[in-house]
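After this come two complexes, each holding chain A, first together with chain B and then together with chain C.
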Partner chain A sequence: MSNDPRVLPAMTRRDLVLAAGGGVLATLVAGLFPLPASADPNDVKKWLSTVASGTPTPGKITIGAPDIAENGNVVPITLSVDSPMTEQSYVKSIAIAADGNPLPGVAIVDLSPANGKAEVQFRMRLAKTQTVTAVALMNDNSLWSAAKTIKVTIGGCGG
Partner chain B sequence: MLSRRDFLQVAAAATVLTGASGSFARAAARQTITQRDLLRFDALGQVTLLHFGDIHAHLMPLDYREPSINIGVGPDAGLPPHLTGEHVLRAFKIAPGSPEAYAFTCADFSSLARSYGRLGGLDRIATLVKAIRAERPGKTLLLDSGDTWQGTYTSLQERGADMVRAMNALGVDAMTAHWDFTYGTDRVKELVGKLEFPFLCGNVQDTTWGNWAFDGTKIFERGGLRVAVIGQAFPYTPIANPAWLIPEWTFGIHERHVQDQADKARASGADLVVLLSHDGFDVDRKLAARVTGVDVILTGHTHDAIPQAVAVGKTLLIASGSHGKFLSRLDLEVRERHVVDYRFRLIPVFSDAVEPDPAMQALIAEIRRPYQAELDRVLGRTDTMLYRRGNFNGTFDDLICDALLAERDAEIALSPGFRWGPTLLAGQEIRLEDLYAQTAITYPAAYRQTMTGAALKAAMEDIADNLFNPDPYYQQGGDMVRVGGLSYAIDVSKPMGQRISEMTLLRNGQPIDPSKSYMVAGWASVKQGTQGPPIFDVVRSYVERQKIVKIPPRQLVRVTGADPRGIAACG
Partner chain C sequence: MQGVASRLLVPSTAKKGDVIEVKTIIMHPMDSGYSKDQNGKTIPREIIETFSAAYNGKQVFKMQLQPSISSNPFVSFFMKAEQSGTLELTWVDQDGSVYKNQAQITVT
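Now for the complex of A and B:
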């Protein structure tokens, strides 16, 4: 596990922006309708099951994120999936969910071999300490998952 | 066998016997501990690492009582540094009442302090450093784990420039940082510009592009070896301290980048890789098990004085205490880029035994001269020992909380669980310098606000998790927030949200009502724009009014679920 936003040094933010223009399709899921106080692990499961059916196996995904967020409003997250991204074997999409935000679904990112690398980087708002779950759907329809708890603290008391 | 209680009685009797002639006891200490004893070391190998950290700007000798409560959780329970008092004596076979017992533990602190005198003083450290460099020419590296520029009246007035002068004069070879960042971006850049040695912070990036903001690694040639030093600043600086002071920089543990730096150093021919760290001991213990190729971690942040090196796999962890009390010496023998042997000593800097270095003594006097009248201003006197360090309220924190309650007309006081701040013995004067040594920060506003019982509990749970989360990577801060006007129970073994109970308002003995609002005063908020008078002014006016302070230890916090080796009955 790494917190290093530059996990794949070849992929800079600029590349990502370009890549987004050239094939990554990200869907922001949260909409403008009345929100419950927070989702829970069951809501996460339910939402993920609507995105991809089946039980994911833990593995293949790395969630690069701080253990403790410096600012819960903009938490840098890097998701990378261990995949050659060739026509034979690639990541079709990655779904990201969080169990402590009002709605569990955060984003669905669609990829293709044209991306070259299965890595996405984005900022995420976390209302409180919670677990972020990512599920990758491969072209062979296998599902892989990873989860990481990210702490959002009031801070202070600095040693 | 002598029980602890018996020993206390014996110690008390001994104090009575020598009480009338305390100066004789001191004289005896001076003769039994000599500078030559402190320097005695059977040199080994090609390289000597000298290390200190968390000096918190203290140029002068002082008393600093090591914690009586320092509870280890999860995998760290019962391991150093989570041993206190008699548990340290037993684990490291230190004789009760000995100079080492006084330096490394809180056992019988108040009586032993009178026998052995103060520790530290940068002029004494300079003497030891010069002597060791003379003994090991071309083989010595002097490394500072940070928290160097903050913590005293002079450092606050000089905004760290005093410490930069002193550390340049001492000939430090590299430093990393934490509190040093609390002077803000511009001042940090200025001070780094004045340093005559590298400021290594390999885990700090600029917030916009994620580029590494400082040098991470420096390679030194010593004793025929290439020694790589990687700097690791406190990973949670913008959380534990105000992010608004350093908006350009983002921090983190960045395990993978530590590994990359170590690999790069090896690839460029390093024979020895040293991580100069401000992670805190438990974080470094975890990190050491997860990265490879780091031979030595010189730890900092958690202020631990561990008399032996702690080995994690092939990595040696060194914890050199704080406040200038100690200088660590680690001699290393390296063969084919592996450490094959080492010898370590955590040298207590007994200020009465070590001759001050004249040049450093003169520099310290010059730094202090413009402020001398203020530093020496007597605000009052204390009839009881005032200390801070420990997981929960120390008596100096109780004094600060009393001042907040009285001066800010509040029902509840909150005071940050900083690990820095020296100790005053019973009967000593409280000078302005002593007050600033507990409060000298760049965001000192003493706020006053209402909080509901529920919000108060949530805040305390949050802070408790930053200290007692069983995964050290989730431990963010200092010790537990100190409270005044409030008592509570804590089960440190429980998960977040379930540790705190029995919160009681002392004023009326009633349980804290989650829906009721309480007037709370506190200080050191990390929020920008916090309003209120500076904490040093608040406590000063309180002490000046009280004249004589008397704070026996209070039982505000009932602790359960704790490993017993982290709790000691101390003097």
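Now for the complex of A and C:
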């Protein structure tokens, strides 16, 4: 992974201080000239409803992620759903969305009783501090959701 | 894309009924279409759009990826070991390229 030019090299303390200063400046500039490239909560709802229509109930699904992501390019996410994963009761799919990225959709995962455990791990980009929402669709067509706000110190997605 | 390497980490043996973890990573830039190169030119979108896993030909996992997925996508999921067989992973690039990896699992 270290051969990827997009992965930030190890920073010295001086770089970190400079970067922090730059971050403040970037925030000020962004405040003066708001960037259009970010989805709003309605886009997130719209995208999630294309995956599973209906109103989800909060619960059953857990988003495991750091409260503060140092590097928005690589934020580890663990989604787990409280389900026995049997033929009688299992998770059919999980959709995840982010309201501060240019596009609201992040991923859709399809599961079945063959998984034995409803847990998925992956790494996502976060352009800025934002709320990540996950919705689980069960085999009885019930919808469950969870949301987590993740603070980002260095944004992903470039730009 | 050419020269895309992937890795698959899964136990080679398992007891029947065990739930085992499948860890995968593929070396791919996942260019979102929103970042710029050093000259300020937008790097066009170039991502892997789907990732799926089949065990003895039957799909056990599928994921649709969007540009918000990090470069060199890492994915882990679980699978119930019922019988010995072959786990085959397939990634499909937006340019139509298909990348594959596989592993044998002996279930006792």
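Throughout what follows, the second predicted complex is superposed on the first by the 117 of 159 C-alpha atoms of A that agree within 3 Å, B and C clash if a C-alpha of one lies under 4 Å from a C-alpha of the other, contacts with A are read in each partner's own complex, and residues count from 1 in each chain.
Simple rule for what comes next: a residue touches a chain if its C-beta (ideal position, glycine included) is under 8 Å from a C-beta of that chain, and two chains touch if they have at least 3 such contacts.
None of the values given here were measured: they were computed from a predicted structure.
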item: Touched partner set for A:P41, first chain B, second chain C, both or neither; value: neither
item: First (chain B), second (chain C), both or neither touched by A:K151; value: first
item: Touching partner for A:A107 - first (chain B), second (chain C), both, neither; value: second
item: Touching partner for A:T129 - first (chain B), second (chain C), both, neither; value: first
item: Which superposed partner A:I68 touches (first chain B, second chain C, both, neither); value: first
item: Which superposed partner A:V120 touches (first chain B, second chain C, both, neither); value: second
item: Superposition-derived comparison: chain B or chain C, residues of chain A touched; value: C
item: Touching both chain C and chain B, counted on chain A across the two superposed complexes; value: 1, 4, 6-7, 156-159
item: Residue numbers on chain B that touch chain A, as the complex places them; value: 178-179, 205, 209-210, 234, 236-241, 243, 250-257, 280, 301-302, 416-419, 459, 462-463, 465-466, 469, 471, 473-474, 476-481, 496, 524-526
item: Residue ranges of chain A in contact with chain B within the complex; value: 1-7, 13, 66-71, 129, 149, 151, 153-159
item: Of all residues in chain C, those that touch chain A in their complex; value: 19, 25, 27, 29, 32, 34-36, 43, 55, 58-80
item: Footprint of chain C on chain A - complex, ascending; value: 1, 4, 6-7, 37, 73-75, 85, 98, 101-103, 105-117, 119-125, 156-159
